[in-house]
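You will see chain A twice below: alongside chain B first, and alongside chain C after that.
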Partner chain A sequence: MSANTAMAEKYRNNFLKEIEEQVEMGDWVKMCMQCGVCSGSCPTNFQSAWEHPPQELFMMIRAGKREEVLTTTSMWNCTSCYNCIVRCPRKLPITHIMHGIAEYAHRLGVAPKMQPTRFFSGLFWKNATKTGRVNELKLSMGLYFKNGFGAGVKEGMKMKDVALGLIKAKRLNPFEILGGHTCKDQKGIQAMLKKAYEIERSRKAAKTAG
Partner chain B sequence: MAKHEYAFYPGCSSQKGASASNYLTSVESMCKTLDVKLTEIPDWNCCGASIGYAEAGELPRHVMNARNFALSEKNLPGQEIVATCAACWLGARETRERLTHSDTLMADTKEALKEAGLTINEMPEIRHMVEVLIEDIGFDEMKKHVKKPLEGVKIAGYVGCQTNRPFGVDGESFENPKYLDNMVEMVGATPIPEYDMKVTCCGGALAFSEPDKAQAQIKDIIESAYDHGAEMIVTPCPLCQANVEIYQGQINQKYGTKFNIPVMYYSQLMVVAYGGSAKEAALNGQLIRARRLEEIAAK
Partner chain C sequence: MAETKVAAYICKGCGLGERLDTDALVKIAQKDGKVPMAKTHDFLCSADGVAMIRNDVANEGVTHIMIGACSRRAKTEAFHFPENAVARANLREGVVWIRPDTEEARETTQDMAEDYIRMGCAEVKAMAAPGGNPNTGSSKTLLVVGGGVTGMTTAIEASKTGYPVVLVEKTGALGGMAGQLWKRMPVHEPFKSPADTGVADLAAQVMGDSNIKVYLNATIAKTDGAPGRFVVQIATESGATHTEDIGAIVQASGFTTYDMNKLPELGGGKSPNVVDQLGLEALAKAAAAGDGVIRRPSDNQPVKSVVFVQCAGQRDPSGTHLAYCSGFCCNASIKQAMYFKDANPSVDTTIIYTDLRTPGNGEDFYRSAQEKGVIFTKGKVSGVQPGSNGSTVSFHDLILDDANATIADVDLVVLATGQVPNSGVDIFAVPKEGEGEPEVKPISILNLNYRQGTDVPQLKQGFTDSHFICFPYETRRTGIYTAGPVRRPMDIAQAREDATGAALKAIQALENAELGRAAHPRSGDLSFPKVRLEGCTQCKRCTVECPFGAIDEDEKRFPVFNESRCRRCGTCMGACPVRVISFENYSVNTVGAQVKAVDIPDEFSEKPRILILACENDAYPALDMAAMNRNEYSAFVRVIPIRCLGSVNTIWVTDALNAGYDGVMMMGCKSGDEYQCHFVKGSELGRVRMSKIDDTLKTLNLETERVRDLEVAITDIERVPEMINKYVEELVAIGPSPFKGF
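== the complex of A and B ==
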């Protein structure tokens, strides 16, 4: 049974409870009063990027629209601008809930595969935690070459002027490809993160068991 | 001994050869003039930024920030942590807030930190460099050091998101923060208080993953600066600076605009006004050169 099916079984007919227990800040969802200020404050929603803007997602969660919520590209359009958070009259930490739903969908393996920000988000975290510090060159290369070598060269060419400008201004170092900046205690960081994931997994599992 | 001492968290983008290395150069010169001593937290790590959310989860993300707290406490006991990057500051402050409010999260964090031989006993204060300037140093003291006022230079103060929300600077509103305009005025330049894109999002990480969406926002930010007669934009955030500066060529191609406006850090304005050289202000770190500032620096 896939992780997704297992969770759907476990929380059958109670998607709100599933979100409350499994998603960061999910227990705030029930506080939404459907005023729509979040949707009206979202920079990418102005461009109609959200299939379902935040307040709609909150209602859909309460209505048990599990598949629609977890598989939508909507929350991956969050730019982390925190406008919704500071304007919400009920003080819901909306940005964090959006990140939380996205992370949960990603964890269950049901988030839209080709969504570019989903890809970049994972890439960023792996890049940052591998050595403890971000390698900007490898991060950009990893993004441009995500669809293979040919597509990568084409993407890279589009970015040529930006990259050359940055290199000239000494704000991009081509030699970072050979290593670049790192933390000294990488072993400690890996051990610490491994433990953190273990603890987080067991805390979530305890909720499912309880 | 310096007048003000802090544990310094420069962040990934400030490192040598990285996208905000010009920010760090100018901050260092600015701090020298203001007698501020920044001691780098030894072996600091990435804050995880907001965009790491798909794989960061909750605890791993807080543990990353907590490692910096622990290193700071161990090596620079009693000092407040100062970040120059909006994302570093926000990430660290968020972790501080969550750990302070949850004993479970705190206990779990300590357990994970043990694996790296570290612990936290006291929660540090997390400050942004602009908070240090405004609250610890103050406008009067900052102004005292101005030797070459940037007279007649009209500058749009672009505050952006993460230095403004969700925490922001004390006493400022989320919708219309005024400190950046006040800093522009302090260096003798002309602020544009009616600049209506001052807290609009630049698209953040979507500038990488979905450039069309981010560039539509960046276009509005720049257009409004021009409409208000600005000859340059100033910002306190490394990602705002990069996003608003480096994609102007691509935006011009897409929208038929003729954007070519310099985007500076507040610290660069201050270094030039304090009589520093173009090199000390890292003016050579711009893709779109700020000729007016270069002229003033050379005088």
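== the complex of A and C ==
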């Protein structure tokens, strides 16, 4: 049984309760009074970029629309500007809730795979944790080739003047592609991350079970 | 009657002396005004100036005083001569403050002042000092009709003030609607949970107060008389009738909930598991008496899910159900959802609303409900289908724009149906034509023995009529006040506030009645309508039109004035076709004499004359305030304050046009359902009468533009001068009246 079906089974008919218990800051969702100030304050032009603005997501949660909420790209579009938090008359931590829902959808494995924010987050994390340093060349190449080889080459050619400029200015080393430099104590970093994963996993497991 | 001696006093203060030729005004008063004594004073409202007038009254035998100074609305304390007839010529707000201080304006400004002196002298001679109403009553007892929260609060407040109270309640117990509640919305910090209703405490206070006499299982069989001397017959269950002498009445007859059987589409009457808010209170009371679990009426199983449907049969634009919002039901549903959540947080409680309105400290209460897990869904409920295993609520989700949203397996549905006032018989109701379901005749509450009907008049929606902006508790029956939900929909906190206000107004009314004084807006007025019955043609216009039902008819159909019920608006005087009704200080003559006193220059002088009849409640103050702001207007107008547009007798208009005035402008308050008339119907009746003036104009061969009706609010300080100037321009374009010089 996948994580998703397990949770769906557990909170049958009570998606709000699921969000309250499983999502960071999810217990705030019930306090929304549907004024829409968050949507009106959002600088990302949610009307075109978002399927559902924040207050609508909250209403969907209350209406039990589990599938739609967890698979939407909406909360992934949040840029963490915190405008909604500042303005919410009910003091809901909307930015945190957006990230909380996104993280939960990711955890359940139902988040939209190729959503750029989500894709880039994964890429960045893998890149940074491998050697303890971000390899910028590999990171940007990874993003270029997100949609296949042809599209990657095309995107790379578009940016070639910028890249050449950066090389001239010694801001970009093309040999980084061969491995690049790492942090001094790679082993230490890996151990630290391992411990962090472990803590996180046991915490989530307790939540899922509880 | 003692000999009349008129004296005119002209003030030179406030710039009047510099701007006007006051010596010429004195001569005008003597020559045209024909007063034997005319004086000027540098500062008339000073102690010295007032002493001069008093001295003349005491030693020179002056009975009638004409003061040419500021507006009649200013310096009323200085110029207070209750023993004398007093007229005021408005030279300050009416002349110098609204005219430019220029050489070319000097002549027309002086013309204006001279006319006002002529008018003042003519008016005062037609007046007499009000003698006071002889038919007063001195009962100090307050009758409270209704033993709910409003009625009990009124009784307690009045008793605390020292007035005896008679309280009549039709059921066998005090408490009313609030007595049927399990708990109420909180009124104290932190506004988080339902609170005790406090009804038992109120009832104990009432029963323990020796100043309050309570009749239970009793109704009002008959109300006779007038403020200060009402005679009320109280019918009790045993059949015995008690008679009480009453000074003033507070009607707190409350409301009933809108019948949910009229809402079959929402499951009303279709299933025991669909209840209204009062039904849920009964369930909650039953639960509290038992194990605290609210149970489903159909099978007595604990309720696990409940849906509250807001605005059920309310805010209905189609006219089938209530058109208004009752204002209390959002908070009531929040409270009732808490009944469930406080007992068992796992009960699903959903409130479906279109606009959540939480007056008072309801916002904190709302937040508290959200914290407790009550789900609020913005939507419009389209139907409730009761089933064997729970109901299905269908609604249009307004946030998600889902027209087919549903909540299934609902154990209990609560309809928030709102308040319908218990306002008795609609005395102006037009009987419905044609066959139909037999109308259930409403039962009269007060059984007034008044010519116009048994109950206080109602406004649209059946709530008792009151001047919403200025005098909320006032009804259209002097000395009778309404408070609580019979007046407008409200909750307990608002009803208690209402009750206190109405108690104080009722006390004012009975005190005024004893002294023969008018209630507001003419508070303290001692004049009252006098009728010359020899001239009366028994046409009944006065008895029908009186907005306050003050006039009854005797067996020969002559009008019988109940002075204490009268508000002194003069609507009867305006209505009377034979002009036999007058007040000592306000009559067809006092205004008519002013109209005739104005000097009308000939048609070649290019000085048109326009008469303005301005309502003293809104239009005249607006003109005064325009003057204070130095908003200028034409020097060709002559303004006469009138008590109400309803008091305008058409003879004034015809007289003015015959005398050669170029136009007549009438300024009154807004009329209709959203009226602002201080006498409720006065401006409306006045306008109805004036709408027929066109015929008169045609017989005189005059343009219809020569009479203008203008709706004026007290705030129209900028607009009114503009409208006057525009009208003057229009009349100049039409040309002078053909009646000049006759």
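Everything below uses one rule, namely that the second predicted complex is superposed on the first by the 201 of 210 C-alpha atoms of A that agree within 3 Å, B and C clash if a C-alpha of one lies under 4 Å from a C-alpha of the other, contacts with A are read in each partner's own complex, and residues count from 1 in each chain.
Here, contacts are C-beta pairs under 8 Å (C-beta built on N, C-alpha and C of every residue); 3 or more make two chains touch, one makes a residue touch a chain.
As the structure is a computational prediction, the values presented were derived from the model and not from experiment.
Legend: residue contacts after superposition of the two complexes on their common chain; A:62 is shown touching chain C, with no touch to chain B. Judged by the touch definition given at the top, the superposed model places A:4 against neither chain B nor chain C.
Using the contact criterion defined above for the overlaid structures, shared-chain residue A:34 touches chain C, although it does not reach chain B. More residues of chain A lie in contact with B than with the other chain of the pair chain B and chain C. In the superposition on chain A, no contact is made by A:71 with either chain B or chain C. Of the two partner chains placed by superposition, only chain B is touched by A:116; chain C is not.
Considering their complex, residues 12-13, 15-22, 43-46, 48-60, 63-64, 67, 108-109, 111-118, 161-162, 165-166, 168, 174, 200-201, 203-206, 208-210, 213-214, 216-217, 242, 246-247, 249-250, 284-287 of chain B touch chain A.
By the touch criterion given at the top, residues 24, 43-44, 47, 49, 77, 79-83, 85-87, 93, 95, 99-100, 102-103, 106, 111, 116-122, 124-126, 128-129, 132-134, 136, 139-140, 143, 158, 161-162, 165-166, 168-173, 175-176, 180-181, 183-185, 188-189, 191-197, 199-200, 203 of chain A touch chain B in their complex. Residues 16, 30-31, 33-34, 55-56, 59-60, 62-63, 65, 90 of chain A are the ones that touch chain C when the two sit in their complex. Put simply, chain C touches chain A in their complex at residues 356, 366-367, 370-371, 373, 375-378, 397, 399-400, 402, 405.
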